[in-house]
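Here's the structure we're looking at; comments come further down.
Chain naming follows the written order as A, B, C and D, and within any one chain the residues start at number 1.
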Amino acid sequence: MSGTTLDTPAPQPGLTGLDLHGVVPPLVTPLDEDGRLDIPSLERLVDHQIGNGVDGLFVAGSSGEVALLDDEARSALVRATVSAAGGRVPVLAGVIDTGTDRVVAHARRAARDGADAVVATPPFYVQPSPAEISDHFRRIAQAADVPLVAYNIPVNVHVALPAETVAELARDGVIAGLKDSSGDLTALRAYLRAAEGTGVRVLTGSETVADVSLQLGAHGVVPGLGNVDPAGYVRLARAAQDGDAAVATSEQERLIRLFRIVTTPSTPGLGGTAAALGAFKAALWLLGVIDHPRTQRPLRPLSAADVDAIRHRLVACGLQPSR
Amino acid sequence: MSGTTLDTPAPQPGLTGLDLHGVVPPLVTPLDEDGRLDIPSLERLVDHQIGNGVDGLFVAGSSGEVALLDDEARSALVRATVSAAGGRVPVLAGVIDTGTDRVVAHARRAARDGADAVVATPPFYVQPSPAEISDHFRRIAQAADVPLVAYNIPVNVHVALPAETVAELARDGVIAGLKDSSGDLTALRAYLRAAEGTGVRVLTGSETVADVSLQLGAHGVVPGLGNVDPAGYVRLARAAQDGDAAVATSEQERLIRLFRIVTTPSTPGLGGTAAALGAFKAALWLLGVIDHPRTQRPLRPLSAADVDAIRHRLVACGLQPSR
Amino acid sequence: MSGTTLDTPAPQPGLTGLDLHGVVPPLVTPLDEDGRLDIPSLERLVDHQIGNGVDGLFVAGSSGEVALLDDEARSALVRATVSAAGGRVPVLAGVIDTGTDRVVAHARRAARDGADAVVATPPFYVQPSPAEISDHFRRIAQAADVPLVAYNIPVNVHVALPAETVAELARDGVIAGLKDSSGDLTALRAYLRAAEGTGVRVLTGSETVADVSLQLGAHGVVPGLGNVDPAGYVRLARAAQDGDAAVATSEQERLIRLFRIVTTPSTPGLGGTAAALGAFKAALWLLGVIDHPRTQRPLRPLSAADVDAIRHRLVACGLQPSR
Amino acid sequence: MSGTTLDTPAPQPGLTGLDLHGVVPPLVTPLDEDGRLDIPSLERLVDHQIGNGVDGLFVAGSSGEVALLDDEARSALVRATVSAAGGRVPVLAGVIDTGTDRVVAHARRAARDGADAVVATPPFYVQPSPAEISDHFRRIAQAADVPLVAYNIPVNVHVALPAETVAELARDGVIAGLKDSSGDLTALRAYLRAAEGTGVRVLTGSETVADVSLQLGAHGVVPGLGNVDPAGYVRLARAAQDGDAAVATSEQERLIRLFRIVTTPSTPGLGGTAAALGAFKAALWLLGVIDHPRTQRPLRPLSAADVDAIRHRLVACGLQPSR
């Protein structure tokens, strides 16, 4: 773990002792041919990340197919990741679920399983108000034994986390961090203002505006594509930290080209999630990091032609597939 | 349970022995002041429904705040409802969750808890294709020991169940029924065509076009407002069954006026789900059926003024509050 | 024009003398190979409609590609339609545009061109409030010399016309009618209640729930598919008027099957509007009613294969193509 | 007009002689108390802009209430603006309308009225495909005698302009520029790549990420808020041009605080467009630039309390109201 932090203001260790910053990839969940957690692949994935200099790991998030894993699988995943990380970097665990009591149960389990922090979205399936979203996070924070990171991901949750709610939760010490996957830099700016002076760390989930987000003051990046090319995002983040905008931007542009693997798949019957996560897994399989490219049911697998197109794009973007 | 069915074609007992038809209210989940399941209130609610002639009960659905209940609460709720129903009408249990493995776990538990059928939506939080939605239902059906009802509720799930998928699942005997809460009669017609000749029962979740849905051939109605006025929906359904459109429509128009209780609440900080389910619960509390109007956290309670406005509307629509 | 009206209550000639009821097809706009108004085809289309018993004509609406016609073409179209109708049935003219002053200009022109009424949507491109939508219609009504019909079509306008606004406009005599193309029967019911006792006529723009809409009290139907099969909708409406629900529904089911021509086209590069309006025009061309199937630029033409598939569907639904 | 350009690569005079760059505010349209064009106010507004160093003017755009102006008003507005600008900076004219033929008519008129370029959106009200959007722009470019700028504004048009379409139009010399009002920097980056090497200029319509957009290579900014504070955006753009990110960002942060005037209004009955454009006009009235704050019918006026709140915000952001 890097001894320095990325944020322009002097590093503050957060309200909670969690020093959240830099590159924190949201890990995919390696599965074997039967859809069971593939621990050797997971260990290689963790080493692939840490060996390339990431500053933390986010497990059981959207990229980790958390919505498709039952409670036992989630728990095993957190335990195995914590074990594989071995204290080298902090491990954040997603505790994504529809309602407060359900998230509380996940959060307690994740803390017992060794997670350094938990990451929760607003309630979904239901239609909550901002006040109810605030209550939701307050109850989770009370119940969890580890720091709480709020997660804005309207594409999945279908409600946005208002900046005013973030300001209030930050001021009251409810949250230690915020992950914003809206991709909207006007929203990110509002979150950064909301967090100002509170020690709350703001991270972007964007693959494609990571450079700009860091330049605007975001403390870190949580890019799904970081699974495939952690070294790229680490170079980008270091350059942004050093004020070298040209290098950060150049690296970002290469990563934007690489990110096209998620729109590459054209296998019939494939949904949007299967295409994106399938592409990450196919790339990791091609790179020799994981043993099986499969995603969790009911997501469909990519065709051989799609995998082949991904191989070509990896090569075009400077990566070296071993398969 | 009524010995007759509502559908215009001769009653078919389904592929599965489940005779799904008529009025099947999606029960609210009565809670005590601490948010724990209030079993005496639940028993009164079940008697209130069965005593007024409903043909089945749907527990742990959207109206039952399923998204806000942890696994223990869901399980206790199903057991208590099955026990309270005592075999007088079939009990359907919602097994709503984001992904296949999670739904399968709920479905097995619900079957053990005594549910006569389980009700599942397409996957959410993720973005599934129609083929993946189909696989999802097939796996649930394989794993569950009771009949499966597919549940179309795009307002919560943010994806619609395609009629072609329903046709395929119906033809292959995967599903025993379909609950459509889209409120879209063009969609309902397409589902009815998809189910034609398969024995699959199609029920509407609409409070406001129940009469028309039955006239078009829907086999039953699953209206949240049925919690409050089961007798009204039973009259409506019987009239539709008897071909008495004038009575069905007149009853429907009264129920539309009553349904305004869900748009009545103006308590600050209240979200859409809290307003609607809070209104149902406030009405049941006013009618003396349940002991507490509270909804599950993080939903906020209705103000006294909102409850008072609901009391007035109950009276205006011919109901007799005891509080 | 039929001497009888469809509405269950005794026919009322409206505030304005406009007796709006029955089948009022929204005419496509026949164009020649260069995209100019094809008047001989238009005359045959008008005769095709009136000869099959329709009760009015709606020209320059969404089905008439109004958004793609310049002011001269709109004006020529209204004049030619009025002339072709020759007073046999009333002619309504769409005056669809983004803002009040623009709609007022169209409305004055349409009145001069002989239209019996004008049809306007809420403002679009901008984001109006209900109060602003109300002001919009009031100013149009003041400026126009003919009755005003309000047009709810959220799929194109991206804002819905609130039932409360309709109630207020109806009560104040601002509008003579309402065309609802939402396809939402709960909304239609709210509009019918809003219009109750005011003489305002409510028509549905739905192709697929026309039967049910009439049974609920709608005074007429404005189905785009009526271009292709006016006799079908006239039979449907007459049956609904006579209380013969079985015949109305059976006709509706056939028309639903016929309506699949709008989802048939798979020509590459074809947008949604081009597919639907291209299908209506292809069908009219196949039936020998119009001379050219082309739509207005920039809409792309259907491929020969798509036209052929439409021919097969016409035959399957009992129509007799002459090409 | 400034002799220097903002873009990092060496300035290229475009395919068309139009040197589009820097700050190009989308002018509001000053109206008198009766809703007629207020030419003295327009002249002061133009001087206010040019005197503060803007590089061009965009008239009859979304901020200019183009959707609410009839053809005569649009034409008078373009002529008056061209006359007031007197050749000091180029004048771009919006030719916003639903379909190709309508836009062509506007474009020819705008060219006759002296506009240096015209700005058009994809078709709306209809649902066009990318191929049809492409055809739309090609026909406009053929018919217009001045350069064409494509305008991406999905919030109003409800369809996004695909980057692939922009690439093709840029390569073929159809468009001279692109205004992107999506606020999405991932989209802006894709547009910049699409325009690379073609001479096409890319401008952002964002008020709140103008600094970052310029740093990523955008050639200019078209911020509605520039009406109120042109000097602020000119400072921002000059700083970005000079590579002084700290100054650009600091100015941007102040402008973000100023931009809250558009969310300030709480007058009952006010829609979103009336609130935003009403706030710009109220601010210009408070600053003594225009004589009347009114917007075009049917937009409602701001209350005195809202205007007062805007006055306070102007002061708080360093501007000096004279009223």
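Going forward, a residue touches a chain if its C-beta (ideal position, glycine included) is under 8 Å from a C-beta of that chain, and two chains touch if they have at least 3 such contacts.
Note that the coordinates shown come from a computational prediction; the quantities given were computed from them, not determined experimentally.
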item: Longest centre-to-centre distance from chain B, chain (CA-based); value: D
item: Chain C-chain D separation of Cα centroids, rounded to whole Å; value: 36
item: Centre distance in Å when chain B and chain D are each reduced to the mean of their C-alpha atoms; value: 50
item: For chain B, residues contacting two or more additional chains; value: none
item: Chain contact graph, described as a line, ring, star, complete graph or other shape; value: ring
item: Parts of chain B lying in touch with chain C, wherever the complex brings them together; value: 183-186, 189, 206, 208-209, 212, 215-216, 245, 249, 253, 256
item: Complex contact set, residues of chain B against chain A; value: 35, 62, 65, 67-71, 73, 96-102, 104-105, 123-133, 135-136, 139, 156-158, 268-274, 296-300
